[in-house]
């Protein structure tokens, strides 16, 4: 999702070393599987592994020569450069802050929305509401972000018109640093929360109803049941959603390109956007050094989560 | 029709040895049942025979020919799986015909054989239907039919009845027994249910932790379990175990003092040394109850299970953690807490030494004792 | 099966062909929109009369895409035959790729009349590090425009000084000059969304008012805290602090947003470029309702003037399949008949000897200047690192817009020192 | 009991009102987009939140027939062609690969492929575009449909969904076929493929929706607006090609509405597929 991308933690198991036992005959006997996997392997290598490796290599080269047949290697100079660039450091912290805020906001609100949607009182309205929540997930973000950009326009945006009708003060939208940051938090929430809600909703439907019935028999109130019966059972779903959300929001990009271009006063200059703007000016070395840093952060997080899950499994 | 020999067959998954080197012979037309608790390796053994798992050592011989490196489809076997494994996108007919069609069998031959198998299992009327419209029992029949169609040398069954409800299970058990009789084929059957094993098998192979504990006919295993595990596993309700110490031996007799009080003297020439801890095993039908006047072990009734023609009385005795079950003929009513005397028939006793092995005089001596009692 | 494979291979080969490549086609990338495309293709039709079989295709990209695509294409040898843009952007792509080899030969090969008609200023602006990098085709002038009906509505005249601008701006914002009954107008439209657009505004106001330099002088000394420069900066910051003078969004605005306000009738004062007027003449509500004039004055001793905003130039790329043909086309674009087409579509050419008949009043304002044209210092042509300095300076400006400095003098002094450090850094 | 039901009813009412508000929040931008595409900019300024257009002003739809010198139908064709081609390749290639990896994860080399794929999934997708640009350049595929389609056909989420599905096939089904004498090719063609048909349809649908949204890889790999798809054209329009608000909304509507309709018709499948890909990845 680009929801496109999400990291399946169990696949880290692939890190285990392969066994190359009597390889020759094994390969011949399983040639059909090699044939089946060949296109996939080729695609993964050409459009995945190669670019990643190339990306890391280029991050060690002088941007000016990066695309020539014999690039000049400057080794860690690009990394030194970006880490002595205040704008990069601030965008790194800003990205992390944005990620934490968004993860908490999305996971909690998605959980709340899912609980409400699964309550019996909504009846037939629930599926319609669920569809509405999910709609932004599948619609082109170029369109939805442009719409939101105009909705937040302080000149003729619907948001301020609405606030005015309600007698509330205007909202600065993307025109002031702090407000712009939160505008993006909101728009990203609007775009993604449906996905997390649906995951929670599906998990809620899979819950063991007898536990809830038992709690009901014990006289637990709704909130007590939510807190003591449902949420503990949803813990795996909360974990999965959090992982997805962390990865989702770490790479926040399109919304910046479309709505703020990193402004105002760099208040929404997130890491991937900053890297991309370096790329646009052919600063390949620094752009890919930044990409590599972000990649390392994602891998680090994934490993931590994987370790944690592994431990939890043995509990 | 074929016989199967395993020769020091073993199987490991990485460092874990799930099957320790084992020998086994299953003769032509025999119905062999692999039984054991879950995780004992019985399914792995079956799957290794089938060729679905690679063996790590030893030989598998079918009719004397080594098949370890032969593809499973060329071993001439068929298998019935626990979850039926019917192809959901094919009709019953297509399911049963699949193997033959793969083998490029002529069309009318396919039809003939499928119809024949369907007739044996009485599923002719559902050949056009899809698996999802069938009940569990019907699906199991189709799965068996699919095996029959292929006319295999050996039929393999992997816990085929465990997904069925109790009533259906009994019914299908009988049908499989009848099928074995009709076809006279060699069959290997895996189950964790010792009742199925007892009722179906010509030969039971008891496995535990990847090792064969004992091989024999159902009654051999019942009457002369080789060790404490087999003794406890075969028979329902299970054998009772009482701890004791050898207090005297000689003259072909072994005298054991029970921890719960009382003594048992068994005929045993090669008895453990005096003072050695042993376990006495006795089946519920060899435990009887007497009044306070009778000589025996004092026991307290925990509960009684009324089965109509007989009653299982659960007793608590000193020095034994679990309950001792006595199988009493007829309908007996005993209030829990009642004190009774428990009596053990010495001829029904099995003696297990410290390592759990049964100590028993050579088979030749047994009939004498039996005659004596 | 084998046939299928062949078809697949053929299809794949077809897919792998770049779209629209052909030997006798010249491709130009520019960022001047549909009118720019018409302009180049019309010149192409004239050119084809002398070179039968040649077609010229022009593609317009959004400016940021033009920049990144041109850089990437030069670096990967996938560029089109010709690239056209403002001189400072050609400088940027050269600094990011180093692939352009200059046009001295082309200029030397021009006929005498054409060579003589090329202003020296335009050639200077087309020079980077001492090499004549690009062929100037248009000299763009920046002026100031005010909505005439709005002036009438609030009872004002064309603003001559910045004090006038602030006063009129306030009235525009509060007195509903368009009479639509709603409070939706601003005094001025501006762009401050990134370093280069903000710089353009500062240059327009600064050079137009007679400054010689903006941040640094020809030697690279920081002149920011020079009283005249400081006044410009202070005035610029004041624009953002005056209530309603500009839309609060301005801090994010690039020219599209700015044009949105202008063309949508939301702002009363704005920048006018030669390139704008042809399009604006066709916009209902705007055409005929704005007065073009000199830049508001900052200093009493300077005459009212306009700014030489940029020189729009063309380069032949090394990846061109037909470099000679491309060069011929570029030179052809300097011929009087081509220049006339440019004037008609984009409001300007570079030659001083083009006939001006058939132009609208607004076009004539730029084609035949009535005011002195103060040149931009075009320091990016002199210092390769100038854009980076611009960016550093922009960070300070945008920070000051977001958090107005309490003591401006101290701020400008501190900023000048920072820039001095930055220059020292960059010179290394 | 009576008080309880009153309370229940008020809670239900509250839930209704709240969720109605939420639904409105999620649907309104789409509505606003469509309505705005029929309203002139002046009208928008006067009454930004009007729920119905004063009149159906279709000027914008006419004006965007050509954008940046390229016909709207070409953008549309590119969108459909690139999306369908990339998704078809993605589904085919990924399904075969996922099946092979699911069946024989331990074959020599397979772990490496899986590892590489895992890394690809973890690399921030947006930034992967940068080195991919360099690779596509080295392959000589810059500015070609092939370059764009190849990159778009690498779709991790499809892999997750497919592996999830293959894992759900009882392994006995395959073993049974093996015992029946079927070769691996026969198992794949006669057993696995037929029972995978529904999931392949779902995966195709989701792949289609996701690829339709793509813009950055196309923007970066394309060398000319001739190869742009609707979302990329929309983006360009928003920045410069046009600054016409009404036309922007019209193009946004053209980009979005077909996808909304497709989604509404297939929502069960799509949502189910997303969940399947996510829940146990």
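Annotations for the structure displayed:
Chains here go by letter, A, B, C and D, matching the order in which they are written, and residues are numbered from 1 within each.
Operating definition for what follows: a contact is a pair of C-beta atoms (placed from the backbone, for glycine too) under 8 Å apart; a residue touches a chain by one contact, two chains touch by 3 or more.
All of these numbers come straight from a predicted model, not from anything done at the bench.
Compared on C-beta pairs in contact, A-C and A-D come out with A-D as the pair having more.
Chain C and chain D have Cα centroids lying 38 Å from one another. One simple way to say how far apart two chains are is to compare their mean CA positions; for chain A and chain D this gives 16 Å. Centre-to-centre separation of chain B and chain D, using mean CA positions: 56 Å. Within chain B, not a single residue touches two or more of the remaining chains. Chain C has residues 64, 72, 76, 184, 254, 266 in contact with two or more other chains. Of all residues in chain A, those that touch two or more other chains are 67, 155-156, 279. Contacts between chains form some other arrangement here, matching none of path, ring, star or all-to-all. Under the contact rule defined at the top, the touching pairs of chains are A-C, A-D, B-D, C-D.
On chain D, the positions that touch chain A within their shared complex are 8, 11-12, 15-16, 18-20, 22-23, 25-30, 32-33, 36, 44-45, 48-49, 92-94, 96-101, 103-128, 130-135, 137, 139, 150-151, 153-157, 160, 183-185, 188, 209-210, 212-216, 230-232, 234-235, 238, 245, 248-249, 252-253, 255-256, 259-260, 263-264, 267, 270-271, 274-275, 277-279, 281. Contact residues of chain D toward chain B in the complex are 170, 172-173, 175-182, 186, 190-191, 194-195.
Contact residues on chain D toward chain C in their complex (touch as defined above): 41-42, 45-46, 66, 68-69, 133, 137, 140-146, 149, 219-220, 223-227, 236, 238-241, 243, 245.
Within the complex formed with chain D, the residues of chain A that make contact are 1-12, 14-20, 23, 26-27, 30, 32-34, 36-37, 39-41, 43-52, 54-55, 58, 66-67, 113, 116-117, 119, 121-122, 125-126, 128-144, 146-151, 155-158, 160-162, 165, 190, 194-195, 198-199, 202-203, 222, 237, 240, 244, 247, 250-251, 253-254, 257-258, 272, 275-276, 279, 284, 287-288, 290-291, 294-295, 298-299, 302. If you check the complex, the residues on chain B that touch chain D are 47, 50-52, 71-74, 77-79, 81-85, 87-89, 98-99, 102-103, 146, 150.
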